[in-house]
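Next, two complexes with subunit A in common: one pairs it with subunit B, the other with subunit C.
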Partner chain A sequence: MSFDFAVILAKGPQILAGLGVTILIWVAGTILAAALGFLVATARRYGGRLADLVLSVPVEVLRGTPFLVQIFLLYFGGPYIGLRLDPIAAGLLGLSVYGAAYYAEIFRAGFQSVPPGHSEAADCVGLTRIQTILHVQLPEMALLVLPPSMNMAVILLKETALLSLITVPEMTMTVQAIGSQQYAFVESIVVLALVYWALVELANFLGRVAERRLSTYSA
Partner chain B sequence: MTQPAISVRNVSKRFGETLVLKDINLEVPRGQVSCLIGPSGSGKSTLLRCMAFLEEASAGMIEIEGEPLGFSEKDGKRRRQTAAELRRTRSKIGMVFQQFNLWPHMTALGNVSMALRRVRGLSRKDAEERAMAQLVKVGLEARAGHYPSQLSGGQQQRVAIARALALDPTIMLFDEPTSALDPELTGEVLNVMRALADEGMTMVVVTHEIGFAASVGNNVCFLDHGQLLFHDTPEAVFAAPRHPRLEQFLDTYLDRGAQMLR
Partner chain C sequence: MTWTLFELLLQASLMTIFVSVTSILLGLAFAIGLSAMRMSGIGPLVWFARIFISFFRGVPLLVQLLLIFNLLPAIGISLSSLATALIGLSLCTAAYQAENLRGGFEGVPRGLIESAEMAGLSPVQSFIWIRTPIALRLTFPALVNEAILILKSSSLVSVVGMIELTKMAQNLAASTYMPLPIFASAGLIYLAINWIVAIAGRRAEAALPGLPAK
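Showing the complex of A and B:
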C-alpha cells in the first residue's frame, strides 16, 4: 500500500475553500467568545449576587457537557423552539457560546488578579466603573489572561472539526469528502492533521509575540 | 467658625461582629495638617478610608466642605448617593495609599495624566503638559517615561502624590504614605509632603512617623481600639503629663525619632 497525496492535493482550491470557512468560524467565534465571556465575567463581578448566581448556571452547563452534544442540540433541537439556523450560523453561534463559558472563567481569574487598590486609586481620581474596567483592570490583567486565552483559542480551532457533523462546509468535511471520492481516506486525514497543526503553531507564535509586546512594563 | 474641610459626625464602622470605629466625631480644619496616630488596628486607616468613601461607615455622616459624602441624609435616614454624586464630592479629595497603587501598565506620566484625559476631558497634549508640571513639583520630571516597576518605592509614592495633585484637590488624604518604604526613601516622600503643607494644603495623614506628626502636624488625633481618645495640637498632645495609653504607645517609638519629644 502506498500513499498518494497527489489526488488530494489536486483538489487544492476546494481544500482552500474549506480552510477559509474553518478560519472564518474560528477567528470570528473566538473573538465573539472572548467578548461574550468578558461581558459575563464583568456582569458576574459587578452585577450583584443575583446576576452572579444566574450566570453561573449556563457557564457550568456549557463547561460540563461535550461540545458535540451542544451543537447537536442547537442544530437539530433548535427548530423545535423555532430556532432555525443554517449550518455555518449554528456552528458560529455554538462555538461562540461554548468558548464564552471558558473565557468567562479566564476573565474572572483576571479580575481577581488586579489588586483592589488599583481600582480604588481609579475611583479616587474620578474614573467611572466602565473606565476603570477598560483602562485599568483590562490592560492590567492582559498579561495574565493572554496565555490561557491563546490556549482556549487553539482548543476552539480544534473543536471546529466537529462542526463537520452538522454539515458546516469547513475543512474537515471538505477533505473527508475528497478522501472518500478519491479512495484516499488516510491521505486526506494526514493532510487534515498537518493543516490543523500548522494553524495551531501559527496561533501559538502570534500568542508569544503578543506576550512579548505586553510584557514591556513588567519587572 | 469657618466651615471645616471635613466633618465626621457619629461615625461607626463594623466589619462583621467587630466594631472598628466607635462613634467618631472630628472636624478637620482647612489649610492644616491633621495627623491620625495610634497603634495598629486602632482604626486610623479605616477612618481615613471612610473620608474617601473607600469604606462605607456603618452609621454616621461625613461631609466634605459641607457636602455629604457617599450618603445623603433625609428625614434622619441615610440614602446611598449615586455614582455621579459620589464622584462629584470625591473630586475635592486626593488620596495617597500605603502601597502607592500606581497602574503598572502606564508610565509615570501616563499615571498622572490619565484622569486629566479621561475625567477632565483634556487633550493628550494638554493633559501631559499639566501632568509634567506635577512631576516637576515632586522632582521626577526626569522619570516621566518610566514604568512603576522601574522606579524606587519613594519615587513611586511621589508619582502617586503627583497623580492625586493633578486634579487640583482641596484636601489630600495620606494612608501611611511611608510605611512601605525603607528609611532612606521615607525622607524624600516626607519632604514632598512638607512642601505641600507649607503651601497651605489641607492634609489628613495616617502615619507612624511621630516626628512628622509632631513637627509638621497642626493637629494630632490619637485613636485606640476604634475610639478617638483625644485630638489637640501636637504641643498639647505630646506635652507631659501624657495620657497613659499614649505614653505606652510612644514608648515603642523611642528608637524612631521620637526622642525629641522627651
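Showing the complex of A and C:
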C-alpha cells in the first residue's frame, strides 16, 4: 500500500474553504457561547432562587448529554416542532447553546471568586448593579476565568468536527469528500488530523500568550 | 414513543457502558505508562509521551476514530469495529488522563519519595508502590470527570460501525420518523448514567483513604 498525498494537497483551495467554515463557526460559536453563558451565570446569581433553579436544568442537561445527540435532536428533531434550520445555522446554534452551558459554569465560579466586599463597596459608592458587574466583578474574575475559557474554546474547536455528521460543509466533511472522490481516504484523514493538531496547538499557544498578558496587568 | 423502542435504547446503552468502562480502564493503564515515560528522563521516551499526548488531545476524537478505522486496514491490520472503537477511545482518554496524572505526580510530597529512597526502594519500585498510588488518589475526582467525558464521547464510535446508544437512536429515528422523542430519550439515558457515575464517584471519593499531608 502506497500513500499518495499529492492528490489531496492538489485540492488545497477546497480544503482551505472547509477550514474557513470551521474557523468561522468556531469563532462565532465560541463568542455566542461565552456571551450566553455569561448572561446565564449573571441571571443565576442575581435573578433570585427561582431563576437559579430553573436555569440549572438546561445547564445540567446540556453538560450531561453528548453534543452529537444534541445536534441530532436539533437538526433532525427540530423540523417536527417547526424549527427548520439549514445545517450551518443548526450547527452554529447547537455549538453556541452547548458551549454556553459550560461557560455558564466557568463564569459562576468567576462570580464566586470575587470577594463580596468589593461589590458591596461598589454599591456604596453608587455604582448600579450592571456597572458593578461590568467594571468591578468582570475585570476581577478575568484572570481566573481566562484559562478555563480558553480550554473550552479549544474543546469547541474540536467539537466542530461533529458538525460534519449533520452535513455542515466544514473541514472534516470537505476533506472526507475529497478523500472518497480521489480514492485516497487514508491520506485525506491524515491531512485532516494534522491540520486540526496544528490549529489546536496554535489556539493553546494564543491562550498562553493571553494569560501572560493578563497576569502582568493584574499582578 | 413506545416502551419497545425505549427498551431497544436501553439495550444499546449496555454497549455504551461496556465500551466506556473498558476504554477508561485501558486508558488509565496507558496513562500511567505515559507518565512513567514522561518522568523517565530518557530523551526519546519523554518525547514520545509528549507528542502522543499533544496529538491525541489536539485532534478531534471523530478524526482519530476515522484515522484508526482507515489507516490500520491500509497497512494490513484488520480489526473489528469493537476493537477499533476501544483502541480509539482508550488512546484518546489515555492522553487526557496522563495530563491529569501529571498534576497528581507533582502533588506527591517530596518527603515521601525521599523516604522511599532511604528505605532502599529503587526508582521503579518507588514509582509503582509510592508515587502512582498517591497520584491516582490525588487525581481521583479528575478520573470521575474523565469517565463522564468518555461516556459522552463514546457516542462517536458509531462512525466506525458500532451500534451503541447513539447509533441505535439514529437507526430508530430513521425508521420510525420520530427523531424528537427518540433522541430526547437517548439524551435522558446518557444523563441518567452520568448522574449515577457522578454520585458513585463522590461516594467512592469519600470512602477512599485521606490525602497525604503536604
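Odds and ends about this structure:
The rule is simple: the second predicted complex is superposed on the first by the 216 of 219 C-alpha atoms of A that agree within 3 Å, B and C clash if a C-alpha of one lies under 4 Å from a C-alpha of the other, contacts with A are read in each partner's own complex, and residues count from 1 in each chain.
Here is the rule we go by: contacts are C-beta pairs under 8 Å (C-beta built on N, C-alpha and C of every residue); 3 or more make two chains touch, one makes a residue touch a chain.
Computed from a prediction, not measured in an experiment: that's the story for all the values here.
When the two complexes are overlaid on subunit A, subunit B and subunit C sit side by side with no clash. Contacts of A:V125 after superposition on the shared chain: subunit B is touched, whereas subunit C is not. Of the two partner chains, subunit B is the only one that A:H135 touches; subunit C does not reach it.
Applying the stated contact rule after C-alpha superposition, one finds that A:Y80 touches subunit C and leaves subunit B untouched. Look at A:E211: by the touch rule set out above, it reaches neither subunit B nor subunit C. In the overlay built on the shared chain, the residue A:D52 is in contact with neither subunit B nor subunit C. Number of subunit A residues touched is higher for C, counting subunit B against subunit C.
Contact with subunit B, but none with subunit C, is seen for A:G117 once the two complexes are overlaid on the shared chain. With chain A used as the common frame, subunit B approaches subunit C to a shortest CA-CA distance of 27 Å. Against subunit A, the residues of subunit B that register as touching in their complex are 52, 54, 83, 87, 90-91, 93-95, 97, 99, 101-106, 114-115, 118-119, 147-150, 160, 163-164, 167. In the complex of the two chains, the subunit C residues touching subunit A come out as 54-55, 57-64, 66-67, 70-71, 74-76, 148, 152-153, 155-156, 159, 166, 169-170, 173, 179-180, 183-184, 186-187, 190-191, 194-195.
Interface residues of subunit A facing subunit B in the complex, by the touch rule stated above, are 115, 117-118, 120-129, 131, 135-136, 139-140, 142, 216-219. Against subunit C, the residues of subunit A that register as touching in their complex are 1, 3, 60-61, 64-70, 72-73, 76-77, 80-81, 158-162, 164-165, 172, 176, 185-186, 189-190, 192-193, 196-197, 200-201.
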